[in-house]
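Questions regarding the structure given below will be posed in turn.
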Amino acid sequence: MIRDITLGQYFPGESWIHRLDPRIKIVGTLAYIVALFIVGDFWGFLIAVAALFGVIGISRVPLKFILKGLKPIFIIILFTFVLNLFMIPGKVIWSFWILTITEEGLYTAFFMAARLILLLLGSSLLTLTTRPIRLTDGIESLLSPLRKVGVPAHELAMMMTIALRFIPTLLEETDKIMKAQQARGADFESGNILRRAKSLIPILVPLFISAFRIAQELAMAMEARCYRGGRHRTRMNAMKLEKRDFAAGLLLVAFVAAIIAERILL
Amino acid sequence: MAEMIDIQDLVFEYTRDENQEPVSAIKGVSLKVEKGSFTAVIGRNGSGKSTLAKNINALLLPSRGAVYVNGYDTRQEENVWDVRQSAAMVFQNPDNQIVSSIVEDDVAFGPENLGVESKEIRTRVDSSLKAVNMWQYRKKAPHLLSGGQKQRIAIAGAIAMRPECIVFDEPTAMLDPKGRSEVMGIIKELHEDGITVLLITHFMEEAAQADRIVIMDQGEIALDGTPQEVFRQAEAIRDMNLDVPLTVELGYRLRDRGLSVPDTIMNMEEMVEFLCQYK
Amino acid sequence: MSIQVNNLTHIYSEGMPHQSLALENVTFTARDGQFVGIIGHTGSGKSTLVQHLNGLLKPKSGSIVVGGVDITQPGVVMRDIRRRIGLVFQYPEYQLFEETVEKDVAFGPANLELDESEIQNRVKEAIQLVGLDYEEIRGHSPFELSGGQKRRVAIAGVIAMKPEVLILDEPTAGLDPKAHQDVLDMIRKVHVHEKNITFLVSHNMDDIARLADWVLVMDSGRLVMQGRPEEIFSQEEALDSIGLALPEPARLMNMAKKQGLPFQGSFLTVEDAEEALYGFLKRDRDLRI
């Protein structure tokens, strides 16, 4: 079921992490991802894991809920692990038929998988603790310096806002159309691929028409409410950095410093 | 009293295909709406009533003639934002006019576009949501609300722009009876609070609640007057394929059968009162 | 032909924290030629019920026996259900997708794997039954028609499957008064012509009072009342307690009765009320013109 996917979902809460400015969380997540690629040994990973679990602890999002989001990606992680395990040349430690495992392979496979898992957990923590709408606000604000070089920051954020708003509406619409066509005897389950692809036409055509209708009506409603792009526009929740955001910033700098120091010194 | 809306000989034409003759949706309509009034515009689909509404909001511009909203000529490009701020608009489909996935952010959309200061937006959002009894839903996602509730959010979004007038374009057409009465209740309250209301509808029982009914037929104004004046023309209304309220219909039928039932009976209470004289 | 629904129960999102009882022990029977109205406010379970009748939803327990076959049983072929039971959803024009009206109406019959000439006949007959000019409209794109015409084409798409049971969920939603009346007249005509069992789900009590000969009243997933329209609409308090109103003529006459006026019986239509008022008022000489 579509509603069972937790990846990218928001987990409502009032924790310190939830209340942080979305910009600091986006920057933090990006820094964390970069850090994961700087890290190259066990101690480095230990710092990264400790930092992640520290943040998870403060956010009070249940670990089980976060891990559930990993499920659909598990196959990809396993695939990368196996690929690395068998493909890297080096000192052979085990061999059978055409399969050989090398010390370097084991090492890379392990760290690659760890990196991917941490990356996914780290970035899902961003969406779990930030309302989608705050997230788009944050992205708009972070991208706004790039407006001078022609990046349409406001437009991108507005598109994301509208997409978020209409995903449930369009899912509902799809469900309705599917049921209506089934009632007319449409069969989506049997037949070969070609037949099944063809059976999608009675769903896709009405769905596109609905989407166009929605877009047209929405555009008119937005115009009626004086929408004229990003200029002159103010925001109800103007983003202001609070004490806790500066504290989070300091912690972030400390984390990155620790990772770099570990890399250089050890 | 001053005029909120002044429509002068409005003609609106559009072309379906490049090579075709233009079709007129509105063929010379003049209409003045006074500040603080409650006017209903009723007509069949295709009578031009929705086109009229969009001309008032400068979403469409006159082919000929002129539309003045609060004194602003809609044809002047620089007036567009003043026109839309003076006369806000609520549309038919409750889903397709809500922009944000959080109720209060959606209500803030209008004032944000107008460049209102953050603190003031907050005040307006709260008071607008309270005015439509939806304040307790301010953090909810709109798609989880009923049709009537969504439409109330849309109304709050209009109120937050602090307009003097709100044009409602068939706001109840897609609602169930409960949603319909919720929305009509809010519209009447807004009118009592001094907002000029222009209600476009095809439900006669809703139009009957206005001070004035304008009936549109084939792009022209066919009848215009108080509900009493308009309903006296029951036959003409039926010829335009519109309904009249039940009691008006009954009065008409009884007169037709030779009974002198007064044509001033507008609602059930008045009908029962009349009947009681002959107990 | 008959359709028997026994102890139908359905639970939404079973096992999830937000599970809810959508239908609870719904039992009723509809027979050949019956016109059944289903009323209840939004969320009372009407739509869930009709989707069961069409096999789109599977019940938690209970049975639906159509012409002797229990369609809730696992072995039943869906095509056989769809052949017998047609369902027209709310705003059915949003399901139109073909290039021409003719092709769109043919979609259902073609899915039933009928032969070409039979499909042709049915398409033609269905388009005529819904009151459209077959020759004129067959080649048109369904998207360039008016709202009322689109609705008719969509309904024709289901009628062309010649179902023995035809279910319509709010078929007049969003139409103006004229189109509303036209669609209802058309549904009645189809009912008489096809001699099917028709289920009409509606919020409009006046329409139900005028058309139905049996009424089912739903509230919170339960079937709380069923009976002939006169019976159902004589229970103003019971209906009021679940948020339903009476048809307008009945409301007016009830108001008059409460003022001690001597009206008897039930008043489902304008004509009923008109006769009663005429009979009452004509006794008075002064009123005659």
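Labels for the chains are A, B and C, by order of writing; each one numbers its residues from 1.
The criterion applied here is as follows: contacts are C-beta pairs under 8 Å (C-beta built on N, C-alpha and C of every residue); 3 or more make two chains touch, one makes a residue touch a chain.
Small disclaimer: the values here were computed from a predicted structure and weren't measured.
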item: More contacts between chains, A-C or A-B; value: A-B
item: Relative to chain B, chain with the most remote C-alpha centre; value: A
item: Whole-Å gap separating chain B and chain C, where each centre is the average of the chain's CA atoms; value: 30
item: Rounded Å distance, chain A centre to chain C centre (Cα mean); value: 46
item: Chain C contact footprint on chain B (complex, rising order); value: 44-46, 146-147, 173-174, 176-179, 202, 204, 241-243, 246-247, 249-250, 253-254, 257-261, 268-269, 271-272, 275-276, 278-279
item: Chain A-facing residues of chain C, complex; value: 51, 54, 56, 78-79, 82-83, 86-89, 92, 94-97, 107-108, 111-112, 143, 157-158, 161
item: Residues of chain A that touch chain C when the two form their complex; value: 173, 176-177, 179-187, 201-202, 205-206, 209-210
item: Sites on chain B touched by chain A in the complex; value: 54, 57, 59, 81, 84-85, 88-89, 91, 93, 95-102, 104-105, 108-118, 121-122, 125, 141-143, 154, 157-158, 161
item: Contact set on chain A toward chain B in their complex; value: 131-133, 161-162, 164-165, 168-169, 172, 213-214, 217-218, 220-228, 232-238
